[in-house]
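Presented below are the structures under discussion, each in the form of structure tokens.
Both of the next two complexes hold chain A, though its partner changes from chain B to chain C.
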Partner chain A sequence: MSMEKILDKARLNDWIAALAKGGDWEVHAPALEDGVWTYKPVGDAVRMDHPNTKQPPKGFSFPQREVFFSFEQIKGEAPRLTQVMPDPKRRAVFGVRPCDGRGAVRMDRVFADNVNDPYYQARRKNVAYVGLACNTPPAATCFCKSVGGSPVSTDGLDILLTDLGDRYHVAAVTETGKAMMAVAGSPLADAAAADRKQVKQVHGEAVAQPQRAVNNPEAAPAKLKASFNSPLWEELARACIGCGICTFLCPTCHCFDLNDEMTGTVPIKGNRVRTWDNCQFPDFTMHSSGHNPRENTAARLRQRVCHKFQYFHENFGMLQCTGCGRCVSECPVGIDIVAVVNKVAEHVA
Partner chain B sequence: MINIQDIRDTARDLLAKGEVRAVIGWRAGSRGMPAEPVVITAPEQADELVWDPTCYHNLALHLVEDRKFLAHARKTAGAPIGIIAKGCDARAIVVLMQENYFKREDVYIIGVSCEGSGMIAEWKVARQLDGAVPTAAAFAGDEFAFATAAGEKRLPAREVMADRCLECRNPFPKEHNVALGEDKTGRALEAPFAALARFETRSEGERWEFWQRQFDRCIRCFACRSVCPMCYCEECVVDSINIAVAPETTAEEKANRIRWIERSAVKSENITYHMTRAIHLAGRCVDCGECERVCPVNIPLRLLNNKMEREARERFGYEPGASIGGPSLVASFRDDDPGAFIR
Partner chain C sequence: MSHNPPDNIYLPKLARIAHIKEEVAGERSIKTFRLEFVNGDGFDHQCGQCAMLSIFGRGESMISIASSPLIKEYKQFSIMRVGRVTSAFHDLSVGDTVGIRGPYGNSFPVDDWRGKNLIFIGGGCGLAPIWPVITTAVAQRANFKNITVFYGGRSPRDIMYRAELEKLRSSADVHLSVDKSEEGWNEFCGFVPSNVMDKAPPPDNAIAITCGPPIMIKFVLQNLQNLGFKDEQIYTTIENKMKCGIGKCGRCNVGKDYVCVKGPVYSWAQLKNLPQEY
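Take a look at the complex of A and B:
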């Protein structure tokens, strides 16, 4: 039995306060900072009128930089390693859009289902996503529906909120979500039949909103596979400047680099650090010989697009792209993954 | 006002006659707006070209890409490459030529004047259109006309122009083979360095605090570097591979390479990156403002480069992008250069 509640908007902050106090949650929500919607620890007032955040919430489980362990070696002695595990603080992230919830599902496949990444998992198990359904017209760059998502999808979320004007409909998706709704001092009230009816209608209207689409996404993996040697990639990547915006802002890009950062020399001291890496950077695949198998922007664009629409599908049986549109809206030269996939599909027999 | 047909005819003609091997310009983006850079190689593609207030990309970058492509493919250029260039694009081309990155005869410049106008800042448009999504933008005298689902919306150009365009003194591409549009050099809708001057009313402490916060926000996507036509180095100080690797380079040498800037996007490393870039752009930055436009987290990077530009102007009377044959700022010396700082 699912749990559905109603929250008076004016009491959203009371619920957040209850979560912080009764549930020991550190609550984060989107805030407009320097013209950029960013997840921030909640202050006095939460507003959830954001279109979507500039960066997805993936940093909560996979931060751009994290220390794995520190090391120290005094001359003549054995090196000493000290593992650094993430802060076990529980974090509740409010206002996550359904495309980003689906992004979390894909990140979990990589770091939690397939391999055991203790750092990712330590963070992930302490993060709860309180989603917010998209019931305003989609942005010009949204395309969640054509990649298997929906503006009201609950995938990857613990709770889904739906804006009903002066109140939120609050639906639990996971046991964690239920516990958060039942937290001591919660101002959530039972949902009435009329509320349930209204939510249904709002969701129906949201899903009916037209979006741009990847045509025939089921065929995309095979089409892309067949396109590997196509000269089309050079044309598609002609304007690419090789920056890292598309992947750093992607809710599902997860490539990383490991480096030792020295903090002292006598004795030798430092940290083993994981940072995001980026397949669009020329040095991403650079061999130490100097040879680079992905030597140009065409090969690198192909890698990004094929990873989202072919390789991930081959590995996990689902498209990696969730249609959030960040790589489209933020690309400095207008490279559009929807147009790229459609064009490639058109050109492959 | 420039008629788009004149741009298309010029490009078509040059390609048909074989005077250029390609033309770098803009075409409509996949969502209509904004425009996107394109390289056309056949006369019939000329009809794709567009000219509107979203042609903000500095196309000189794509000249650099072309040269790098040719160098890697070990190809010779043959005919020159054509490029449609705004005032700022043309100034960038001049700097690149001044640095012998390519020769004047390698490039055919189709200059386009922004005249009394300039390019939009999308965030300003979004603020004014109040949720309406524009699918096309056009110059319309002192206004810009936007096509939206709710019909045409007009906004005063001044209200939605990028800061860099408001402060632009040279909207006309002085260096050109052919130029379209009126020469309105010298017009600036805002005083030059206005944004910088506004910023400098803050105290030193406030400015330091401001920059620390900004650099803390940087995600090191390197879009500012990637979009800059002046950042053409094959090896960059921030990249993880910045040693020349030869067969005899040992594993130890590779492992112990000097890492000037760590991979971590943390404040100290980010500051080093941005300071290095600002210094390397001194006397070279033409204030096309692309770094600031592309920054996904809105760091006002023009302030850094403008500061260097103003220093060069005030102390040395130097203006980047003014002359191909003239001495460059950091490679020249005059007896009357101010030297009080040299002890």
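Take a look at the complex of A and C:
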């Protein structure tokens, strides 16, 4: 049986304090900083009237930069390797939008497929996502509904909050979510029949809000497959400046680089570091010989779009795009993944 | 290192360089390194698989395991000097310790090839990835019919595994070539694909395994097809840039396949259905 509660908005901070104290959770929530919505450890005033954060919450399990291990080696001798595992701190992330919850589901698949990624898993198992349903009109760039999501989706979330005006409806999605709701000192009250009725209505209205759409998303994987050699890609990518914003801000982009960073030379000392990388950069795939299997922006745009709408679907049976719209709203030259997929589908037999 | 969980795939095991041999000198020189695991570590591999080799402070490189899986005491790697990590390898000495993690990728289906004629076609550094298949087949000679090896380099000085190839002649037909004729060279002169056409191995009950520069592979393929080889009879390997080796860093894909997991070994029948992104 699902667990549903009601939280008086004025007591949100009491719940957060209880989570910090009783549950040993470090709580993060969106904060407006220099005009940018960013996840921050909470201070005293938590507001959750954000549209969506500039960056998705993927950094909680897959940080922009992390040290895997440090090494120290005297030349000619055996090196000493010291593994650096993530801080086991439990982190509760408030205000995660449903599209980003669905992003986490996709990241989880990648980092568990084939073999487990120990660094991702060590972080992920200590992160809880407290989602916030989208019940205000969607942004012009939102298209979650056409890629299998919904403004009230619970995928990838531990708890879903719904704003009911002066209070939140709080629904547990996972066992972790239930435990967080039942934390010692929790100000959550039982949901009354009227609350349940209201949340149903709010969700219904949210889902009914019109959004732009990927047309016929079921056909997209096959259409894209057929488009591989199409000259259309060159046209679609002509304006691309290869800045990589589209993938750095995407909740499902997982590509990374591994490098050794030296901190000393005698003895050799340093760290092996993982950082986000980007399929929009030529160097991403360029061999030492200079040969590059994806040698122009057309091939790289095709990779980004086909990964989201074809390859991932072929591998995992789901689209990799969650319709958050970040790559659309933030691209400096206005390249729009919805328009790209629709155009390809239209032009390819 | 004692508290490291055994399942940390990114943490290299340590191996000591037991032997170094210079195969090819010059600007793009090739050296063969024999690595022995230390601390009782190790792993088994299959023909065609690769390993991520580390020089701490420099980084990692994906390198084919060039020794037969039948050899358990060491693993051998032939490394061409091309950049940051590979150059650092060339500066190492016997006794130095490096990192190694793996094995990665799929393998040649050698067991399915019992009773068949095997034709190996290599060029340049491309002998290393198929060398474990050659040496395993020779070690299990009775399991296979004719074994033929074509291999070529730019000049006689670019021929790697020279002594080993000479020894191989007692159990296989070995056809060497150099691109340009030179004093003292009395084997084939010309490119590897031409040598294959010249000797014209018949496709009956045969498997052809080719590895080398892309341009060589392209013409070898054409020539094999002209000789009547079917797509299922031709195998090759793909080298895309790699960082993780486990299908997560996202850069080595050909279409939906991460080559580090689904490759590097492909039959032409498989490869021709993948987008040309290699």
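Here, the second predicted complex is superposed on the first by the 345 of 349 C-alpha atoms of A that agree within 3 Å, B and C clash if a C-alpha of one lies under 4 Å from a C-alpha of the other, contacts with A are read in each partner's own complex, and residues count from 1 in each chain.
Quick note on the criterion: a residue touches a chain if its C-beta (ideal position, glycine included) is under 8 Å from a C-beta of that chain, and two chains touch if they have at least 3 such contacts.
Model, not experiment: these values are computed from the prediction.
**Student:** After lining both complexes up on chain A, report clash or fit for chain B versus chain C.
**Tutor:** With chain A as the common anchor, chain B and chain C collide in the superposed model.
**Student:** After lining up the shared chain so the two structures overlap, which partner does A:V115 touch, if you call chain B first and chain C second: first, second, both or neither?
**Tutor:** A:V115 contacts chain C only, not chain B.
**Student:** Answer with first, second, both or neither: which of chain B and chain C does A:S289 touch in the superposed model?
**Tutor:** both
**Student:** Looking at the overlay, does A:L81 come into contact with chain B only (first), chain C only (second), both, or neither?
**Tutor:** second
**Student:** If we overlay the two complexes on their shared chain A, which of chain B and chain C does A:N259 touch? Say first, second, both or neither.
**Tutor:** both
**Student:** Which partner does A:F228 reach: the first (chain B), the second (chain C), both, or neither?
**Tutor:** Touch partner of A:F228: chain C, not chain B.
**Student:** Could you tell me if A:Q198 is touching chain B, chain C, both of them or neither one (first, second, both, neither)?
**Tutor:** Neither partner.
**Student:** Between the stretches 4-12, 76-84 or 184-192, which region of chain C is in steric conflict with chain B after the superposition?
**Tutor:** So the stretch of chain C colliding with chain B after superposition is 76-84.
**Student:** On chain A, which stretch or stretches are contacted by chain B in one complex as well as by chain C in the other?
**Tutor:** After superposing on chain A, chain A residues 257, 259, 286, 288-289 contact both chain B and chain C.
**Student:** Sort out for me which residues of chain C touch chain A in the complex.
**Tutor:** Touching chain A from chain C are residues 1, 3-5, 7-12, 14, 16, 38, 56-60, 82-83, 86, 93, 95-97, 99, 214, 239-241, 243-244, 246-251, 253-256, 261, 275, 277-278.
**Student:** How about chain A: which of its residues touch chain C in the complex?
**Tutor:** On the chain A side, the touching residues are 68-69, 71, 73, 75-83, 110-111, 113-119, 228, 254-260, 262, 265, 268-270, 272, 277, 279, 284-289, 291, 293-294, 299, 303, 306-307, 310-312, 314-315.
**Student:** Sort out for me which residues of chain B touch chain A in the complex.
**Tutor:** Per the touch definition, chain B meets chain A at residues 29-31, 34-39, 57, 61-62, 65, 69, 72, 123, 133, 135, 214, 217, 219-223, 225-227, 239-241, 245-247, 251, 254, 259, 262-266, 290, 293-294, 296-299.
**Student:** For a test of understanding, state which residues of chain A touch chain B in their complex under the given definition.
**Tutor:** Answer in residue numbers: 34-36, 54-55, 64-65, 139-141, 212, 238-239, 241-245, 248-249, 257, 259, 261, 273, 275-276, 278, 281-283, 286, 288-290, 295-296, 328, 330, 332-336, 338-339.
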